[in-house]
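Attaching a single structure in structure tokens format; questions to follow.
Residue numbering begins at 1 within each chain, and the chains themselves are lettered A, B, C and D in the order written.
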Amino acid sequence: MINKEVRDAEDAIRDITDGSVLLLGGFGLCGIPEAGIQALVRKNLKGLTCISNNAGVDDFGVGLLLKKRMIKKLIASYVGENKEFEDQYRAGELELELIPQGTLAERIRAGGAGIPAFFTPAGIGSELAEGKEIREFDGRLYLLERWIKADFALVKAWKGDTAGNLIYKGTARNFNPLMAAAGKITIAEVEQLVPAGELDPNQIHTPGIYVQRIFQGAGYEKRIENITVSP
Amino acid sequence: MINKEVRDAEDAIRDITDGSVLLLGGFGLCGIPEAGIQALVRKNLKGLTCISNNAGVDDFGVGLLLKKRMIKKLIASYVGENKEFEDQYRAGELELELIPQGTLAERIRAGGAGIPAFFTPAGIGSELAEGKEIREFDGRLYLLERWIKADFALVKAWKGDTAGNLIYKGTARNFNPLMAAAGKITIAEVEQLVPAGELDPNQIHTPGIYVQRIFQGAGYEKRIENITVSP
Amino acid sequence: MLSKEQIARRIAREIKDGQYINLGIGIPTLVANYIPDHLQVVLQSENGLLGIGPYPQSSDINPDLVNAGKETISMVKGSSLFDSADAFAMIRGGHIDMAILGALEVSENGDISNWKITSGLIKGVGGALDLVASDAKLLVAMLHCHKDGSSKLLKQCKFPVTGVRCVHKIFTDLGVFSILPEGGFKLLERAPGVDPDEIRNKTEGRLVIKGEIPEMTGFQ
Amino acid sequence: MLSKEQIARRIAREIKDGQYINLGIGIPTLVANYIPDHLQVVLQSENGLLGIGPYPQSSDINPDLVNAGKETISMVKGSSLFDSADAFAMIRGGHIDMAILGALEVSENGDISNWKITSGLIKGVGGALDLVASDAKLLVAMLHCHKDGSSKLLKQCKFPVTGVRCVHKIFTDLGVFSILPEGGFKLLERAPGVDPDEIRNKTEGRLVIKGEIPEMTGFQ
């Protein structure tokens, strides 16, 4: 096996530079690469292109990168809960590309799987179809969509081993496995890092081949966006 | 949860008829739906179209359907170890469509995922590209390939629950999860069937939504094609 | 006139045994509370779960288990977890039987606008585009009118359209409507105490009322 | 002249630390026996495994664990299992660094024919098309000539082509060859006791021999 372990988040993001294109895992604040984002904030880079389903909130997640004005372009499906985003966008300081969530997921999956383009029905009839190739298959219309790849992918898992194998937990899985496969350099942070051989090969969600660097993060806040309880 | 349990293989295949299009899981003889195939043999149907990575061997797996001349058309990636196949093919009694293994897997995955067509580099320059649309993306040539779906999918898993959730074992997973998603009616046979709630939701390989019928098979032979041992 | 909870209760009656259902944010989420116990149905969350259970007890809150509205949830027995590509493969591939969504507007030919828009800015397209383009039967749950009193049942959508000719039925505080093949909202049921004239006044698009329209029962 | 085992031993020297490698059926499978222990490499089986180990002890045979040649195998520590779509996503997506395949023929511009063909009938296309179309560095392992003495290193392939301009290096019982950008087999090394003239006689395609060609070492 190939040992992918690195010291910490700083070490893992050492070659991310101004202008890098990043995939950032997570859905809302669930399953986001907290340690990697904090290390990016400390490094204070500029001109990043960030591909993330959401933009975090003003003081957590991808929102921290927005606040420091590190992001030039954001590619996402939903940027609701973020005032910082709105201000920068209205001031013309931030580019935004909105992509339907399923199309975003499939485009990233395609990037990892070597599929340069595919057809999907999502978006037909909407303004998101403008300028895109439309084709009929079996009497139904579909849009042609391209793959998405990135210089780096930052993903968060529950458990991982030194060979880079990852197991996610609950709905914190979300975009993480797709992004892990679509990053040229994939950086995985985990809550528990174990030696290769300790995880059941049959239960691995992300095979180690997709992960170039792995480290165990500490002090995960795991902030919850909406706490809802049964009476 | 929705209870998908049926009595046995006969009950599960009750509405498969002459001329049905079937997806059959497995790689070689590993992970094949043994009980379902035996029930099909007993039913002695005609004119089936079978999509399976391999054709089994003369007296096991898909080979049993060939022997009874139940198959009109075979769609596969490799049909090496089967003399019965060769005889029928040379006599013009059997149609054959050979598809590169990765393209076969991705076309079935596309069928389950609602992607009517996608581009892949496999086959460029070969005779398998003849008549197919070729397009360049980022300086490289790709073939357009269509989805594959079927009336029925017969898959085999290690464990399953009454909600249709499946867990495979070892390399017996292979084509089974893809096919489970691409069958209009998916019939899963398992070595152990447990009540819904007993499997860890985080370890499910095939979510129950893809499975319409499930039963516990008995007396699995699990024949090995090539026994190889270390000295 | 129905409350939001009553709209959810009415929609719950559309659910059939054995269905896999995706519930959108808002009124659709409330539908889960009214699904009859004798029905076997499974709720999907497009961030990666089949088998949404009720909100957790406060002692069982799990930050790694949220729904598409980012609310903490629980799982029922027989649940399964998966990634976002698999979640939308299920939707796009026609495996989800029914989707219940909120909307800003519906047009008389069944177009829907339901993107989150704040002062002219589209804040998100989310997962709705995949749901409205799928084979799932699409039910819309919304109030009949905007806060300013203007109708949400229109000739043509004014907001950007999420999907075209995709809505099957609409459930508002005033009634239940289907979309006619030739276009137009066909009134199927009236909310208790609401007469057809009120509905006509509050519906901008073509409204078709044929014969006696039954009043919904079970809300007394 | 090298035995099949020696061809495999020679190829093993091409392997670099940290590589993910797919080994085809035949001579390539033998390469696994000669990978130096100090290298961290992972072998992929395209039916769904990363981390192929040696053949099992006879007491550990597991029918649910086979390689792409349908042989019983074992797993090393840190292995992972996945389905066939994921296995080929890895290949197609450029995650596999090197593929070592057998071949029926290679042409001087790097085309490869390696389909299983029995008396004119293509018996299978298998996974080779995806491997040869991927970004994996493609090494070919084969005997230099067919049983009838005819060359397998040709101007143009006679059998149906699996992939075009994809072969990086060829390892035969007679020598090691690279494919020149302008076409042609460049002789890099001779097998012990084989002189360039013999190689020239047995190579139908354009053979380029520049300067002194070193004899392989380590096979005495």
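Simple rule for what comes next: a contact is a pair of C-beta atoms (placed from the backbone, for glycine too) under 8 Å apart; a residue touches a chain by one contact, two chains touch by 3 or more.
Just so it is clear, the structure is predicted and the values come from calculations on it, not from any experiment.
Colleague: Mind listing the chains that sit against subunit B and also against subunit C?
Modeller: Output, common partners of subunit B and subunit C: A.
Colleague: Please work out the Cα centroid separation of subunit A and subunit C, and write it as a whole number of Å.
Modeller: 29
Colleague: Just curious, how far off is subunit D from subunit C if you go by their C-alpha centres, in Å?
Modeller: 56
Colleague: Taking each chain's centre as the mean of its CA atoms, how far is subunit A from subunit D in angstrom?
Modeller: 36
Colleague: Which residues does subunit D have that touch at least 2 chains other than itself?
Modeller: Those would be 49, 81-82, 85, 88-89, 91-92, 134.
Colleague: Give me the residues of subunit B that touch two or more other chains.
Modeller: If we look for residues of subunit B contacting two or more partner chains, we find 106, 113-115, 120-121, 168-170, 202.
Colleague: Would you mind giving me the full set of chain pairs in touch?
Modeller: Pairs flagged as touching, ordered by label: A-B, A-C, A-D, B-C, B-D.
Colleague: Where on subunit A does subunit C make contact in their complex?
Modeller: 27-31, 53, 76-80, 86, 89-90, 98-103, 105-106, 108-109, 120-128, 158, 168-178, 205, 222-230
Colleague: Okay, in this complex, where on subunit C does subunit B touch?
Modeller: 18, 20, 40-42, 44, 49-51, 75-82, 85-86, 88-96, 134
Colleague: Where on subunit C is subunit A touching in the complex?
Modeller: For subunit C paired with subunit A, touching residues are 45-49, 54-58, 61-67, 69-73, 81-85, 87-89, 91-92, 111, 116, 118, 121-130, 133-134, 160-165.
Colleague: Residues of subunit B touching subunit A in their complex?
Modeller: Touching subunit A: residues 106, 110, 113-121, 135, 137-138, 140, 142, 146, 167-170, 202-203 of subunit B.
Colleague: Hey, which residues of subunit A end up touching subunit D in the complex?
Modeller: 1-3, 111-115, 161-163, 165, 181, 196-197, 201-202, 204, 207-210
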